[in-house]
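When the chains are written out, they are named A, B, C and D in that same order, and each has its own residue count from 1.
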Amino acid sequence: MRDYITSYLNSSGTPGEAGNIFWITVYILLIFAGVAAGVICMNWLERKIMAHMQVRLGPMRVGPHGLLQPFADALKLLLKEDLMPEQADSVVYHLAPLLVVVVAFTVFIVVPFGPSHAVTDMNIGLLFMLGVSSMAVLGIVMAGWASNSHYPLLGALRSSAQMVSYEVAMGMAVLTAVLMTSLHGGGIYGVGGAQESGTGTLSMIGIVQAQAGQHVWFIFKFFPLGLVSFVIFAIAMVAETNRAPFDLPEAESELTAGFHTEYSGFRWSLFFLAEYAAMIAVSSIAVTLWLGGWLRPFPNWHGPQVAIPGFWQAGSSNGVVDLILAMAPVVAFVGLGGLCFLGAWRMAKNPLFRIQMLGLAAFGALLALVGLICVVPAVRDRVQDIFWFVAKVAVSMYLYIWYRSTFPRYRFDQLMKVGWKVLLPIAIGVLLATATLGVVIQAVMAA
Amino acid sequence: MTPVATPFFFYLLAGLALLGGVLVITRRNPVHSALALILTLLALAGIYLMLYAPFVAGVQIILYVGGIMVLFLFVIMLVDVGRAEKEARFNKQWVVGVVASLALGMLFVSAYVKGKALFPERLARLAEESNTQEIAKFLYGDYLLAFEVASLLLLVAMIGAVVMAKKRV
Amino acid sequence: MEAWSQISTLHYLVLAAGLFLLGVIGVLTRRNVVIILMSIELILNAVNLNLIAFSRLYGLHGQVFAIFVITDAAAEAAVALGILIAFFRNRETVNMDEVDLLKW
Amino acid sequence: MSPTNPIPAFDLKEKTYLDSNELIINMGPQHPATHGVLRVILKLDGEKVLGLECVIGYLHRGVEKIAENRTYAMFNPYVDRMDYVAAVSNGLGYCEAVEKLLHTEAPPRAKYIRVILTELNRIASHQLWLGTHALDIGALTPLFYTFRDREEILKIYEKYCGARLTTHAFRIGGLQYEAYDGFQKEVKAFCDFFEPKIDEYEELLTTNRIWIDRTRGVGTISAKDCIALGVTGPVLRASGVKWDLRKAQPYCGYQEFDFEIPTGENGDTYDRYLVRMAEMRQSLRILRQAVDRVPDGPIMAKIPKVLKPPSGEVYHSIEAPKGELGYFIVSDGSTQPYRIRVRPPSFVNLQALELMVRGQLVADVIAVIGTLDIVLGEIDR
């Protein structure tokens, strides 16, 4: 038993490949917990960041700087009465939020947090991800229809039309990146670096490895083609997740709350959870396809070799740059902990604030402790990839919040116009241009 | 990833598929039928995975579940379900229909019993790892003409659907 | 006992036949046009299953064909549902028995 | 002359003709975007609006009837509660109407302070409009910016008369309170503070692609239709009619100030937005002039303690932030008015809603309700 568990630690594949049920379970649980924690963080961060953009403070009461606000909200939602409209179709009504949540979490099975940090690596990973996330539409349509009410129905029709339409542009942008995996050569235009051959792949891990092999993130590949396809995907993914400025299905001022108007309490919170999980999921697709997945910035730049006994071994890929960047998680966590200490120190010196101050300091200490744990070589090496991946996803999540506080909302016909008449033609053009350029450059290089 | 091709999974998925199929033709409410059909489609996608056809399974989920069924649900919502629910579920010739279908079923059974030798037990182990690439080679090689015709068909269908569903012609 | 524990092509064919029959029964007995269309989807899926089951015996042609079938299913669904909407708009019903005019 | 819209009006009671897409939706009275308790019955074809009917009266308090049982001075606070976001303008209109009935006039110092407070009020009203209008269209942030800056105006009010919203700032015949020490300085400081803030709002919206898409060509109304329906205020001016009562029939000494009437060209939501933004700048211009020139002198005209206007009738209208605000007062010579009839701008402007949104989309209804800048307290009275 013990051997069965430890045997995986030395393998370099994903638990799914190794067929190790124990580690599959562990990874699924880790991802479930991680995504749920991510949703909680997003909840708090979105409020705080938006509040500061809008000259207000945001939650400040529950816990220091409102840190416990998401938990208070979750508690409130759980305790709320679970209402259902009398005329609603009860089976479908109850099934819809479950379906949405299951879909949102299933997607994470193939998300590669590192070369071996994924539940499994499918040959059709990307197809699986797009397919499963397209099933979220079903849940929304079901919710809207089952509520038996006009506003949810309108919201559901809107969102299904919107999601199906943007899937097309999204697919074209994704194809561009997939096409890039099949190209040979390194560097932005595939002319420099090692002429490593690549075959096209839909596997999420394979896509990142192709970026590593070609020595370029696909956002920079064939500049500006990679960038354009990334931008198209970035726009489509906002529409796909029904977020501002494409949040028509839940346009508060028009349709009250869209498809989940009639839901309350726990079931509503499931929709909320699914929405944020889906945001994280599409961001991970973007990161995997264009931003080099788990690769750190400049992964081929190692610098002079150094060796620290018992901590850092010298090697061809263990240079000083590697050492410095390996410390990034430590710096990030200790820095966050330091910010918490600063906040605690700046808090009003009043006995009433003592608990809050101690709480914030304790939270800072916890973060710093996590940072220090990341120094341990065994942890450090395993956490590296996850850290860079999560950091890139976090940037994308910040963009979501930024959009939401900046842009007005599109009207439905305009949204469709943008999707079909602007994004789709550009995406197809970029796809064709990428294919042409790839073929031409390979022919030239071969000659 | 190796598909877990155990009998247990086969019977589970086959059971789900048949259950979905039965529900499709018996439910009074079309939305319930559509959901049952989705269950069948997903179960079939699982079976395709067991048959080393991951690409078709992916296409099944994206196109069928994410596309065609959403279209179905969309249309069911546009047309009024309320009245359809009150009407009789089956038409008058349902007895004849069932009898005819069962006769067809007997035909199948006899064919399978008689022609068992035609289905060899051997299973060619297909290269699952390169399934997508292999299919691509077929699609853009041997079947290129069919592929282009299919895309033309889709275009025609799209135009047809738009013309059909347009308000006032 | 052997036949139950070892999944052979025949198992898949029987399942496909079952789905096919269910689809045929649906088409022949139901009155709601939408459900008839869905039954047709069932039939198409049964065919797909056959194709893919045989592709394990005779190579990938079956899978390629299955993809074409799915494409055709999409085209068929789009046109059929378009007709359905036009029909519903004129007759305010989705009952198959009332589709008795070739033109209106 | 009847209003023109190429899309035919739709009778809401008519039975639908075999069309699966037609849908009747009740927007309000509890709806986040109807600015109060307005109920709009929409008839939709998918997302397209075929017709609508406004149901008003949820906020009816019988203000006009109450006036018949109150003395002239006692009724003064009631008018604040009609258009509660522009209470000062309401008070100005009422006080001036009664003064006209009494054949008297407020002294010059009172008039200047009235102008200052009223223009501040115009800015505050437009700020509130901008914030909520942008919120309706989905931009969350302008709301907080405008409320932050509106606070400065409310602070001035609070310091001047103790109230922030329903100020009751004016009295018949002048003012009750002398301006506090540093009043002019604070107003001036506000002008300097607020000028860059308008640029800030405009930076968020004016050149924003989505904002332009959402507002340009939406809810268009021609000058002819505006006049036919009696629409006034920024809505009328955005259609290209240079009509502002401050210039057309100056009251309260507005003839002494140098300002322009901003007008639009297309009469769409975007033009109305631009007109209101420009109006805020013009208000600042008036404020700057007024603050520098406030004369010394009494703040109250010589009027009797008990007001008994001679019997007769009077109609006086002013340019409130939302349009022409008119008071028609009939006096029978007693201490109480025989009848008061208010012509609220929102009530008249709301009539244009049906014409403006017919044939447009649901989302545009929200945008147009926002751009009309209605206040239900004033519509229902």
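Note that in this section contacts are C-beta pairs under 8 Å (C-beta built on N, C-alpha and C of every residue); 3 or more make two chains touch, one makes a residue touch a chain.
Values in this document were obtained by computation on a predicted structure and should not be read as measured data.
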Length of the shortest touching-chain route, chain A through to chain D: 1
Distance-to-centre winner among chains (Cα means, whole assembly as reference): A
Dominant interface by contact count, named by its two chains: B-C
Interchain centroid distance [CA atoms averaged], chain A/chain B, Å: 32
Centre-of-Cα separation between chain C and chain B, whole angstrom: 6
Approximate Å spacing (C-alpha centroids) for the pair chain C, chain D: 63
Rounded Å distance, chain B centre to chain D centre (Cα mean): 61
Multi-chain contact sites of chain A, meaning residues that touch two or more partners: none
Residue list for chain C, restricted to those that touch at least two other chains: 85, 88, 92
Numbers and ranges of chain B residues touching at least 2 other chains: 55, 59, 67, 76, 78-80, 131
Touching residues on chain B, where the partner in the complex is chain A: 1-2, 29, 31-32, 35, 38, 54-55, 57-59, 61-62, 65-67, 69-70, 73-74, 76-77, 128-133
In the complex with chain D, residue positions of chain A that touch it: 50, 53-56, 150-151, 154, 244-245, 247-248, 251-254, 256, 404-414
In the complex with chain A, residue positions of chain D that touch it: 23, 25, 31-33, 47, 134-141, 143-145, 148, 204-205, 208, 210-211, 213-214, 361-364, 366
Touch list for chain B against partner chain C, complex: 5, 7, 10, 14, 17-18, 21-22, 24-25, 27, 30, 33-34, 37, 40-41, 44, 47-48, 50-53, 55-56, 59-60, 63-64, 67-68, 71-72, 75-76, 78-80, 83-84, 87-91, 93-94, 96-98, 100-102, 104-105, 108-109, 112, 116, 119-124, 126, 131, 134-135, 138-139, 143, 146, 150, 153-154, 156-158, 160-165
Of all residues in chain A, those that touch chain B in their complex: 16-17, 19, 89, 91-92, 95, 120-124, 127-128, 130-132, 134-135, 137-138, 141-142, 144-145, 153, 156-157, 160-161, 164, 167, 199-200, 202
